Structures are given as C-alpha cells and as structure tokens.
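Below, chain A partners chain B and then partners chain C, in two separate complexes.
Our next item is the complex of A and B:
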C-alpha cells in the first residue's frame, strides 16, 4: 500500500483511492461538496483543494483537487498550508455569493453540509454587498420541497438523480451564475428514488416536504436504529421523533443492504404511524356491535379467558416480528398456527425459502447485486416489488463501464471520464416480465410473456447452459434462451432474480434451475441468486413454520366444521389475504376473534376483542429480509396511549394463563432466545444485534443528541414539571442525551453526528475501508441466516410447464405491483397517498379490442360462475402479454382477485371511476 | 400513462433535423442542431418545441432544456425579427458600450432583454463577438457592425421614429 505524506506526517493509504478519500479515511477534516462515496469524483466544486509538492525541496507546491488526485507512492501534500486554506476559504466565499443565508428558516439548518464546511474553512465575513440571484421554486410533488436560491451548484443532485438513479426529468439548466436545477416544467419528480435528494443535496435546495410542514431540527429529534417495513429488502433506517410523532425517516448506512440510499416508499411511507386511524385503546365488542374501551388489564383477562381452550387457532403475519409470531405460535400450538399468507402466496414463500436454503449459489445482498455483470430477471418488476434492488441493478449494468475503465487504467472514482468512455455500453440485463418495467431503459432485452412462458424461457436458458437439448420448446424461445445463456455463461458474476410477485411457482423453479446450471459450470466467485418476497418478515415467517405449515383455508375448513372457538389474529388484515366471502366465512364461524393490530382495518372491525399493537417505530422486533438477513428494529419512542408491542400482549397473555413455555421468559431478548433455540433455521437471530445488557463504555446508547433541547418546554402546555425520562429495560438504548454515540456496533447506531460534522456526511467518521469497501466500524448490522451450501446433489430438478394458453373467453389475472399503492401500510402515509393512482386493469390493445373496451372504460371481472368480483378502470398497455390481464395488486378494489386465476371480463356499463377506486381515501389537502 | 404530445415540428423542420441525425451515432447528438433549426424557422424555441424536439430525438425534455438554456444564442423566449447583440466585453466596454446601450434604449425604447412594440428588434448584451480590434461592435440579425458610434447608430436605426423617454 502506498505511503503518502500529509503535512509532514507519513500515512499508509489504500491503493486506488483519491486523496480526498484517503484524508477522510485517515480521520482528517478536508472540506468537500461534489464528491460522494457512491458517485465518485468530478472535481466540480473546487472545495477539496490541497497543496501538492513535487519533491522535498519544493517550497511552493501547487493547488490540486484532492478528489481528482490519485494516491501515489511518496506523494507530498499539505492540507493546512496557508495557500490551500486561503483557496478553500475563497471557494466557500464564492459559493456563498448567491446563497441567501436563510438558515433559521431552512429545513437543512443544523444538519447542513454547507454550514459545516463554511465553519470548517473559517469563512466568516461576507464581503459581497451586491444583489443576489433569486430563482423561482418548482412544485416537485408531495415528497420534495424545492428552494433553488440556496443552491451552490455542486451538481450532486443531477449526478445522483440522472446518472446514479436513472431519472430523466431533472436537469441542470442555463449556465454560469444563473444555473438552475429543476424540471423542464413543474410536476412530480418521476423517479422512485427522488427522496434521496434530501440527503444528497449538501444544502437546503431539496428538503423533505412532509418534514418541512411539521418541522423539527435534527438535534431535537429522538432516533433509534430501525428497519424499513414497506418491503422485504430490509433497508436500515433512522426514524426521527418529536412530540410523540414520527417526523422523518433518514437512511441508516448498511454497506450490504441499502448503502446510502432508500426508496421513496421507505422514506415517506412510514408516516402511517401518525395516522388518526390508529387504534389506541383495547376494546371489546358489545351486543349492539359497538366497541367498549377497556384498560390493558381488563383486556388481558378477557384474552386469557378466551384463549383457555383447545379449539383455538392463530394467524400470524409476515409484517409482524419473528418474536410476536413465535409467541402466537406458542400460544395456539404449531398445529393451529397459520403464518398469515394467502393460500396462493404461502407455498411460494416456502418455495423461495427452500430454493435459497438448498441452492449452491450465493444469496445476493445488495453489494453482491451491484457486482453482477450479467443479470436475468424472471417475473419480477423489481422497481415495484423490491425498489432498492432496482437502484442496485442500475449500478450493476455499469460494470461494463468499469471494465472498460480498468482496461485504460482509469480509477473507478473517475465518474465523468468513465461515463464518457462507456456511453451506452452496459452489462447485459435481461428482463422477462408480464409487462413493461421501470428498468427497461437499461435492459439489453426484455420479454413480455405470460408467467408460465417466463418459466419456459427460464428452463430453456437452464437447459442451454447445461448443454442439453430442451425438448418441446419452440425455435423462437430457444433462440432467446441461447442469447441469455451465452451472456450468463460469459459473465464473471451472473445474477438471477425471481420472486413470488407473479404468484407463479414455475418461474421461481426455473430461476433455481438456471442458477444451479450456472453453479454446475463451476463458476467462481459463485453465481448470485436473489428471491424477492413481499413483506418485511415474509422469509422469517417461512422459516418459523418450516416444520409444520397450516394454511388459511385449513383454518376456514375447521371453523366451518365448528372446531374453532377462538382465533387470534396478529397484525394482519385478512381481507388482503383471500376472497371476501372466504374471510367472512372464517370470521363468522368463530366466537372469539381477537385481533392485535395498530391501524384500523376491516379485520380489526370484525373482531370481538381488539388489542392495540405498537407499530415498528414504537416497538422492538426482529425481521428477516428477503436475503435471509435477521435485523432488529428498536422503539424510537414509547407507544402512545395504551398501545403495546404485540409480543408484549402475547407474553402477558401467556403469563396470565400460567403457561409453562414462558416461565423462563422475562424480557424481549428471552423470546428471541427461545425462538432461536426451538427453530434451527432461526438460530442466528440472537446475534442480529446485541442484547439489552450491552453497554457502550459503561452506559446505554443515547437516542437523543447531546444538543436535544426543550425537554421541559415541549410539554409546558400540560405541566411545567419535567417528567422522569422513560426507562428502557428491553434494549441497549436509552431515552436520554447521556452516553456516547461513536464506536458501538453497527446495528445500534441511532443517528450519525461527529464534532464539526452535523450533517449526514458525518457518516464517514463511523466508517472504515475494508477490502476496498466502506463499512461501518462497528460491523455490518444484521445476521445472515442463509449461506451458500454445496449440496448440489440434493437439488430437486424442476419440470418446465406447458406453454401458456388462455382459456376460451377468459383472461389470466397477473398482479402488477405499484410502489405507491400495493403496500398495505405506506398508503396511509398522506404524502404517499397522493401518489397512488386509481386501481386499474392493464390489457394490451388487441385484447382490449376483443373486449370492446378503450382506455378509461370500466370492466367487470367475473369468476367463471358469473359472480362479479369487482369493476376496474381499463388502462391500455401494449406490453402486457396476450391473454393476460394485469391488475393493481394490493389495492382495496382488487382485494377480491387472486394471482393467476382465470376470469371472465366484460365491459362495464355506465362506468364512472368512484372514490372506492383509490387505494385509500385521503382527506389531506395538497400543499 | 404516456400522454401523447402532439408533434409541433413542421415537415420541413423534421426533414432538416433528420438530415443531421443521419450522420450522427445517436439521435440525441443532434440536439443543438435541432434547436438551431427550429429557431431558424420560428425565431425562438418554445416549451412546446422543446417537448416536440425531445420526443423526436428520443431524449427527455429536461435534458434538452438543459442544453437549450445553456446556450445564450438559443432563445427560450420570443424575440423580435432581428436580435441586436451588443458586445459588453472588455474592449467594447473601454470604448463605451454602456453609452451605446443607453443610446439604443433612447432610440428604440427597449432596455436589455426587451423587444420593440412592433416586434422588430430585441436587445441582448453579449459577452464577445470576436471582433475586439474593431470595438465597439454589435450585431443586428446576421450582420456585424464595427467601430460603432452614436452617429452610426443613428443611421442604423434611422428608419425608425425616435422614441422619447
């Protein structure tokens, strides 16, 4: 490793770095703006100037930009040299010419990189007394607030939005001192990753709009390490709370999961926790159908009484924690526990788990995905089913560019040079989906096929890689398969992505087959496999039930036979899991329906006893992500009113009943331990994060910043006496400002801050470079429960399905997931609700002609008995495979539809789109 | 939900743009030429034209607008039949271009960036016209005028009534 000299000190630095990276890794404070660890260097802002000397006798040296200067053996630099310092101060002064100094009213104030850098360079007195340029701010949608006057033209926004995230509707306009970053005309930013602009922008041009409207400064926020619950990727987040309300979600760095970025559903979709529809008190239904509020103890006694029967069953939830599900399973017994998936989804999630457990391929985390140089997606519209993965895929197709750069000896951080070099050359990405997807613009080829045909394509690819003649496939399919197989075989690190979202097992099996064929070709490093499941703990749920799985319909059958007296439903709206009539049948045939949930829904309304569950921001829990990573989230604040964590209700009930299984269980960690002991696939969950006894240098980790203010004032309208801070017995975190937030394990980092670095850029103080990758010094959060296993002999070989042929007069229903709308909880966040389009069916033009419908018409969906299931708006989309109908899955209007079923469609007469077509009706006005 | 944007380009414009596209590796590479062609025909480039050109060249409107607004000679607002480009760079400044600008304002009744009521002239100061040895200079439409003085200006716009101000 080269040794360089900085201000007379010798430092050993990593090869391939630039001087800015080297300085930051060494812990030196060197100001910068335009550089970003994920986006490399362009040398636009001139802020990271240092003096470089030619040799030891060189007394003058010359100014170089640290971010554009590679480390070389023996190079001599000065950060503190007068020349460099004056230069850097001058740059800030120049950047500040048009800056409005409106920090007191700016949402970035207190966590602003521009503030930090201005202080760091020592620039204090403005000499400029002229007029400042002012700009018109654009409406950029409900998520992002635009305040262009604050811009310092570092270009990070367009580099992130266009170059990194593949957006096309934000650009740098004009030139020199009237540069403008915005859209061609006002409107909602199109990218699903626009929210990251809030963190990417070094000042307050792009800020978090929901936060701006209910503002709290960073130093007044209380935070805890958390996990995003809006899909199965398991992005690490840092939610901030004040006044008992969730204010915002910031990214929490995890090198292997989300890196520096989140999707907008994750960032803005968590505000459902502030919903007015939260259940705050337990309630029992009275004779007249209304609910009477109970206190916690009364509710508990009622629950324990109802559960004291053998005719009991429980329905868990893939959006609830492993611990809560485990306790429910303990309460009702494994034979009476359904995991809470729909009948269609349950075998698919189990299949996803089996495939990943038995595959000899590497189960890909996001870092792996970004390293893939040939990708085949079978069935998933990744941007809508696991959004953060789509952002990673946009980076993997750039591996071709890095390859070209390496040939020329260009360092990987030479961003602009590499983009110019590669132009439109990309690593191959093949997408086989039912219709168009948001990654089509970077795909080498896309195939829009019916799910069974996607599977056939997959099997043909597998056969081709294995060198077998694939029988029964047509020539066209063979040719396509041949091309894909060739690209995958030639790649250094091929990646296969599939998942449960199409509701089709054959295409998942075909993905397993392709991966296995690649593994059999002895590829090193191992080929990559990624199986996308739907919810935050879907995979954990499959692991929990791996020895004994009961389905929803099993329970319905038992209920109808009169064999069920009590049903406990955990954080699950059953009406999203099956047809209305089936769910009604289940619930109506059971006397005691106990529902534990946080947000009002139909299942909760149908209960006889409702218990208010704390949401993810109010409780602790372990979730298993789609890559099998167990991660823990912690309460950011204590539950309001009488809400309690689901595990708390269940544990208290078990204790009340005097059950033996819980005599040893005293706290949350004991549940995790018990679950790990009893379930071998989940044995790793105890190591997902340190237990509640962990202390950092003798004290708990503070959730509040050391500048946290107004603890008395903020409840002065109630009492001027400051109450004692709540005590947290369950976790290693404290509701306090006292303690150190510096060197703890990565899973316990509530927020980032370092002296002189108030913005999120302080993250680099918590990172160190490991093997060319930035990782948290405290270690990467979470524990992988799935490892690549070399057991290729036990791999079941799957059969290719027959070609898809639509039944006469019927259409196959294929789910079309929407990032805004398909997820149950995020649509209750007002900002996200504004982005949800009405429920729809998508159909191609020739099929629409057959049906006699046009864009905007209504269509009735009937089952083959002629019963009408729902009526939806038609959207013509020529990419939809013939014979298939895409429907907006997860919307209230489509709850009655099942993935893969064949339905009869007919034009709806007198159709007009109604309020019920919205995913949720939101009473919040636009701003 | 692709809203179809009516192509506002005329057949002639499309023919001319396509001729440029024909000898370039990607359609987007013809962006500047396309903007010039449209401006040639219409005098300026409207928001609608930006959308139409962008669609024709298979690029986003934002990207094209970034290019259009970068170049000061692509006019994104309507201009008069002739654009007066008055150089205010160093040589012309020494030779009192400021005085000339005042004179033009007096004569035509327009300040920098404005257009005469009859839509004949728009005055735009420009950084350099590359004729410093003949300063001060200005351009009216496609014609360069050198060594300008008040008398010259008087004659140049003599066909117009003097506006009082």
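Our next item is the complex of A and C:
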C-alpha cells in the first residue's frame, strides 16, 4: 500500500483511492461537495483543493483537487497550506453569493452539508453586495420539495438521478449562472428512487416534503436502528421521531444491503404508523357488534381464557417479527399454526427457501448483485416487487464499463471518464417477465411471456448451459435461450433472479435449474442466485414452519367442521390472503377470533377481541430478509396509549396461562434464544444484534442527539413535573441523550453525527475502508442465515412445464405489482397514497380487440361458473403476452383474483370508474 | 499593632460615610425599580412590523436553551410562512439567560423587563403560545425576516426580497 505525506505526517493509504477518499478514511477533515462514495468523482465543485508538492524542497506547490488526484507512492500534500485554505474559503464564498437567507425556514438546516463546509473553511462575512439570482421552484410530486434558490450547482442531483438511478426527467438546464436543476415541466418525478435526492443534495434544494409540513430538526429527532418493512429486501433505516410521531425515514448505511440509498416506498411509506386508524386500546366485541374498550389486564385475562382450549389455531404473519410468530406457534402448537400466506403463496415461499438452502450458488445480497456482470431475471418485475434490487441492477450493468476502464488503467472513481468511455456498452441483462418493466431501458433483451413460457425459457437456458440437446421446445425459444446461456457462461459472475411474485412455481424451479447448471460448470467466484419473496419476514416465516404446515384453507376446513373454537391472528389482514367468501367462512365459524394488529383493517373489525400491536417503530423484532439475512429493528419510541409489541401480548398470555414453555423467558432476548434453540434454520438469529446486556464502553447507546431540545417543556402541558426518562430493559439503547454513539456494532447505529459534520455526510466518520471495502467500523449489521452449500447432489431436477396456450374465451391472470399500491401498509402513508393509481387490468391490443374494449373501458372478470368477481378498468399494454391479463395486485378491487387462474372476460356495460375503484388499498380507511 | 488599628478605624470611617449616601434598595413592591429595556425578564414572542407573527419555528431558541425549557412544533401556513403550531416555555425551568433571544434569527423571541411571575401552582408557569405572543414588535421595530429570506410567501414572490433580482427565465438565451 502506498505511503503518502500529508502536512508532514506519513500515512499508509489504500491503492486505487483518490486523495479525498484517503483523507476522509484517515479521519482528516477535508471539505467537499460533489464527490459521493458511490458516485465517484467529477471534480465539479472545486471544494476539496489541497496543495501538492513536487518534492521535499518544493516550497510553493500547486493546488490540485483531492477527489481527482490518485494516491501515488511518496506523494506530498498539504491540507492546511495557506494557499489551499484560502482557495477553499474563496470557493465557499463564491457558492454562497446567490444562496438565500433561508436557513431558519429550510428543512436542511442543522443537517446541511453546505452549513458544515462553510463553517469548516472559516467563511464568515459576506462581501458581495450585488443582487442575488433567483429561480422559480417546480412542483415535483408529493414526495420531494424543490427550492432552487439554494442550489450550489454541485451536480450531485443529476449525477445521482440520471447516471446512478437511471431517471430521465431531471436535468441541468440553461447555462452559466442561470443553471437550473429540474424537470422540463412541473410534474411528479418519475424515478422510484427520487427520495434519495433529499440525502444526496448537500443543501436544501431537494427536501422531504411530508417532513417539511411538520418539520423537526435533526437534532430533535429520536432515532433507533430499524429495518424497512415495505418489502423483503430488508434495507436498514433510521426513522426519526418527535412528540410521539414518526417524522421521517433516513437511510442507515449497510455495506451489504442498501448502501447509501433507499427506494421511495421505503422512505415515504412508513408514515402509516401515524395513521388516525391506529388501534390504540384493546377492545372486545359486545352483543350489538360494537367494541368495548378494555384495559390491558382485562384484555389479557380474556385472551388467556379464550386460548385455554385444544380447539385453537393461530395465523402468523410474514410482516411480523420472527419472535412474535414463534410465540404464537408456541401458544397454539405447531400443528395448528398457519404462517399466514395465501394458499397460492405458501408453497412458493417454501420452495424459495428450499431452493436457496440447497443451492450451491451464492445467495446474493445487494453488494453481490452490484458485482454481477450478466443477469437473467425470470418472472420478477424487480422495480415493483423489491425496488432496491432494481437500483442495484442498474449498477451491475455498468460492470462492463468498469471492465473497459480497468483495461485502460482508469480508477473506478473516475466517474465521468468511465461513462464517456463506455457510452452505451453494458453488461448483459436479460429480463423475462409477463409485461414491460422499468429496467427495460438497460436490458440487453427482454422477453414478455406467459409465466409458464418464462419457465420454459429458463429450462431451455439451463439445458443449453449444461450442453444438453434440444428439449423439444420451439426453435425461437431455443435461439433466445442459446444467446442467454452464452452470455451467462461467458460472465465472470452471472446472477439469476426469480421470485414468488408471478405465483408460478415452475418459473422458480427453472431459475434453480439455471443456477445449478452454472454451478456445475465450476465457476469461481460462485454464480449468484436471488429469490425475491413478498414481505419483510416471508423467508423467516418459511424457516419457522415445518414442511407441511397448515394453510389457510386447511383452517377454513377445520372451522367449517366445527373443530375450531379460538383463532389467534397475528398482524395479518386475512382478506388480503384469500377470497372474501373463504375468509368470511373461516371467521364466521369460529367463536373467539383474537386479532393482534396495529392498524385497523377488516380482519380486526371481524374479531371478537382486538389487541393493539405496536408497529415496527415502536417495537423490537428480528426480520429475515429475502437473502436470508436476520436483522433486528429496535423501538424508536415507546408505543402510544395501550399498544404493546405483539410478542409482549403473546408472552403475557402464555405466562397468564402458566405455560411451561415460557417459564424461563423473561425478556425479548430470551424469546430470540428459545426460537434459535428450537429451530435449526433460525439458529443464527441470536447473532443478528448484540443482546440487551451489551454496553458501549460501559454505557448505553443514546437514541437522542446530544443537542436534543425541549426536554423540560415537551410534556409540560400535561404536567410540569417531569417524569424520569423511560428505562429500556430490552435493548442496549437508551431513551435519552446519555451514552456513547460511537464505535458500536453496525446493528446499533441509531443516527450519524460527528463534530463539525452535522449532515449525513458524517457517515464517513463511522466507516472504515480497508482493502477497498467500505464498511461500518462496528461491522455490517445482520447475520446471514443462508450460506452457499456444496451439496449439488441433493438438488432435485425439475421438469419443464408445457407451453402456455391461450384458451379460447379465457384469459390467464398474471399479477402486476406496483411499488405504490401493492404493499399493505405503505398505502396508508398519505404521500404514497397520492401516487397510487386505481386498480386496473392490462391487456394487449389484439386481445382487447377480440374483447371489443378500448383503453379506459370497464371489463367484467367472471370465473368459469359465470360468477362475476370484479369489474376493472382496462389499460392497453402491448407488452402483455397474448392470452394473459395483467391485474394490479394488493388492491381491494382485485383481492378476489388469483395469480394463474383462468377467467372469462367480457366488456362491462355502462361502466364508469366508481368511488370504490378509486379506493387504493384494502385498508378500512378508504372504504 | 498600629497598622491594624489604622485599618480598623479606616473601615469604620468608610462605613460611617455610607450613612449619608442614598440607599440602593427600594421599597418594592410599593416602589418599582427602574429596569432597562434590555433587562432579561419574562419572554415574549413578537410580531413583525406588518403585524404578522415573527416566529418561523426554526427551533434555534429551543436548541440554544441551556435548561431545555422551550418546546415547539413547526407547521406551514397556507400562505407559505413557517409558524409554530404550538410554542411552550416552561418558566419554572427558565433561568432568564437570554440565549434564546441571541439565537433567534428573526427577532421573534425577546426578553422583557417584567420579572413578576410568581405563582402558587408550578403548572401555571407553563406558558403556551397564546400567553407569549404580543401584538407589537418589541425592542426591534423594523426587522421583517420574510423581506430578506428567499422563501416565497403570499404577497412576496421569488425575486421580490431584499437584494434579489427577478427570477431567471431559463429558456431565454439573451439574459
């Protein structure tokens, strides 16, 4: 590793870094604006100037930009050199010429990189007496607030939005000091990752719109390490709370998972926790059908009494924590515990787990995905089912560019040079989905096929890689498969992505087959496999249950036979898991329906005893992400009113009943331990995070910043006598500003702050860069429960399905997921709700012609018996395969539709989009 | 011996002289002391010269407060102005240090010469916004933050604040 000299001090630095990276990893303060660790350098802002000397006798030196200067052995630099300091101060002064007098009314104030850098360079007094340039702002949608006057033209926004996230509707416009960053006209930003502009922008041009309207400064936010619950990727987040309300979600760095970025569903979709439809008190249904509020003890006694029977069953939830599900399973017994998936999804999630457990490929996390240089997606519309993966895929197609750059000897941070060099050359990405997808613009080739045909394509690719002869498929498919197989075989690190969202098991099996064929070709490093599941803990749920766990329909059958007296439903809206009539049948045939949930929904309304569950921001829990990473989320604030964590209710009930299984369990960590002991696949969850006894150099980790204000006034309207700060017995975090937020394990980082670095750029003080691997000093959060195994003999060989044939007069239903709308909880977030389109069906033009419908017409969907299931708006989309109909998943209007079933369609007469069509989700609030 | 005796006598003489000076203490409360306008007493929130509330809920007073006795929540009015939805000072904790006034970028929060705030019930020392807000401008008469700030509010669009030029038309090449 080269040794460089900075201000007379010798430092050993990593090869391939630039001076700015080197200085920051050495802990030296060097101001910068345009450089970003994941976007590289362009040298646009001229802020990171340092003096470089030619040799030891050189007294003058010359100014160079640290971010554009590679480290070389023996190079001499000065950060504190007078020349460099004056230069840096001059740059900030120039950037501040037109900066408005806005800080008190700016949502960036207090965590503004521009503020930090201005203080750091020592610029204090404004000498410029001329007039400031001004700009009009644009409306950029419900998520992002635009304030163009504050811009310092560092170009980070367009570099992120266009170059990194693949957006097309944000650009730098006009010239010289008129430069303007915005859209060609006002409108909602199209990218699903636009929210990251809030963190990428070093000042307040792009700010969090929902936050701006009920704003709290960073120093007043109480934060805890958390996990996003909007999909199965398991991005690490840092939610901020004030006055009992969740104010915002910020990214929490995890080198292996989300890195620096989140998707908009994750960032803005968590506001459901502030919903007015929160259930705050336990309630029991009376004879007249209304709920009577109970206190906790009464509710607990009622629950224990109802659970004291052998005719009991429990329905868990893939969005609840491993611990809560484990306790419910303990309460009702393994034979009576349904994991809470729909009948279609349950075998698919189990299959996803089996494939990943037995595959000899590496199970990909996002860092791995970004390293892939040939990708095949089978069936998943990644942007809508696991959005953060789509952003990673946009980086992996750039590996071709990095390869070309390496040939020329360019460093990987030479962003502009590499983009110019590569132009449109990309690593191959093949997408086989049921319709168009948002990644099509970077795909080498895309195939829009019926799910069974996608599976056939997969099997043909596998056969091709294995060198087997024609499987009897048609020639066209064979030719396509041949190309894909060639690209995958030639790649250093091929990646196969599939998942459960199509509701088709053959398709997932084909992905397993392709991966296995690649593994058999003895590739090193190992090929990558990624299986996308739907919810935050779907995979954990599959690990918890045994192979033949009961399903919802099994329970319905038992209920109808009168064999069920009590049903406990844990954080699950069953109406999203099956057809309405089946769920009604299940619930109506059971005397005691106990529902534990946080947000009002129809299952809760159908219960006989409702218990208020704390949401993810109010409780602790372990979630297992789609890559099998067990991660812990911690309560950001104490649950409001009588809400309690689900595990808390279940544990209290088990204790009330005097059950032997829980006599040893005293705290949350004991549940995790018991679950890990009893379940070998989950044995790793205890290492996901340190237990509650962990102390950081003898003290707890504070949730509040050291500048947390208003402590003696925030509750003074209730009582002037201040209560003691709440004691957190369950976690190593404290509900106070006391403790040490430094050098703790990565899973316990509530927020980032360092002296002089108030913005999120202070993250680099918490990172270490050793051997080119940027990581948190305390280690990466989470534990991988799935490891690549070399047991290729155990792999079952799967059969290719028959080709899909469109039946006359019938259409196959294929799910179309939507980033905004398909997820259960995020649609209750007001900002996300504004982006949800009403449910619709997609059909190609020739099929539409057959049906005699046009864009915007209504169409009746009837089952084979002629019963009408629903009526939906038609949207013509030629990418949908003939004989298939795409339908939006997760909406009230489509809840009676099942993936893969064949339905009869007919034009709806006198149809107009009704009120119910506008309702966005299956939540009660919209009814 | 002689030296210490002289010192004693000198002291007695000095003290005796005080008998003929004017008393510094006053017969409060019958007689009110003079308190300068910049005396640090009860805190108020003031209006700008145009009669609208000055506080923009920037939270700087709250963070400057050494005893953390100020709590507020920002909101945005329909006209685009930031304002405090609530603004609470717990005077039973306040030490009248004036740091909030120093921190305030809009001259909204000001300390006044009134110090008579005794209460039998501590709870009555908790002042909400309606108890704090006065109609006048306090000590600083002319300053109006929004005339200087770049934020557009109703009645003051972009480019209409002090030292601002008209908004740039980015589609015009001739500017």
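Note that the second predicted complex is superposed on the first by the 914 of 927 C-alpha atoms of A that agree within 3 Å, B and C clash if a C-alpha of one lies under 4 Å from a C-alpha of the other, contacts with A are read in each partner's own complex, and residues count from 1 in each chain.
In the analysis below, contacts are C-beta pairs under 8 Å (C-beta built on N, C-alpha and C of every residue); 3 or more make two chains touch, one makes a residue touch a chain.
Just so you know, these numbers come straight off a predicted model, no measurement behind them.
> Could you tell me if A:709 is touching chain B, chain C, both of them or neither one (first, second, both, neither)?
Only chain C is touched by A:709; chain B is not.
> Have a look at where A:120 lands relative to chain B and chain C in the superposition and call it first, second, both or neither.
A:120: touches no partner chain.
> For the three-chain arrangement built by superposition, which of chain B and chain C touches the greater number of chain A residues?
On the superposition, C touches more of the residues of chain A.
> Looking at the overlay, does A:131 come into contact with chain B only (first), chain C only (second), both, or neither?
A:131: touches chain C, not chain B.
> Looking at the overlay, does A:212 come into contact with chain B only (first), chain C only (second), both, or neither?
Touch status of A:212: second partner only.
> Counting only touches as set out at the top, which of chain B and chain C does A:466 meet: first, second, both, neither?
In the superposed model, A:466 contacts neither chain B nor chain C.
> Applying the document's definition of touch, where does A:521 land relative to chain B and chain C: first, second, both, or neither?
After superposing on A, A:521 lies clear of both chain B and chain C.
> Touch check for A:304: first (chain B), second (chain C), both, or neither?
neither
> Which holds for A:97: it touches chain B only (first), chain C only (second), both, or neither?
So A:97 meets neither chain B nor chain C here.
> Kindly classify A:184 by the partners it touches after superposition: chain B alone (first), chain C alone (second), both, or neither?
Touch status of A:184: first partner only.
> Do chain B and chain C touch any of the same residues on chain A, and if so, which?
After superposing on chain A, chain A residues 173-174, 180 contact both chain B and chain C.
> Would you pull the chain A residues touching chain B in the complex into a rising list?
162, 168-175, 180, 183-185, 424, 837, 875
> Quick one: in the complex, what on chain B touches chain A?
Going by the criterion above, the answer is residues 1, 26, 47, 50-51, 59-66, 69-72.
> Report the residues of chain C in contact with chain A in the complex, numbered from low to high.
Spelled out, the residues of chain C in touch with chain A are 56-60, 62-63, 65, 67-76, 82, 85-86, 88-90, 92-93, 105-106, 122-123, 125-126, 128, 145, 148-152, 158-159, 161, 163-168, 170-171, 175.
> Inside the complex, what are the residues of chain A that reach chain C?
Contact set of chain A toward chain C: 100-105, 109-110, 130-137, 147, 149-150, 173-174, 178, 180, 212-217, 219-220, 242-243, 707-714, 716-717, 719-721.
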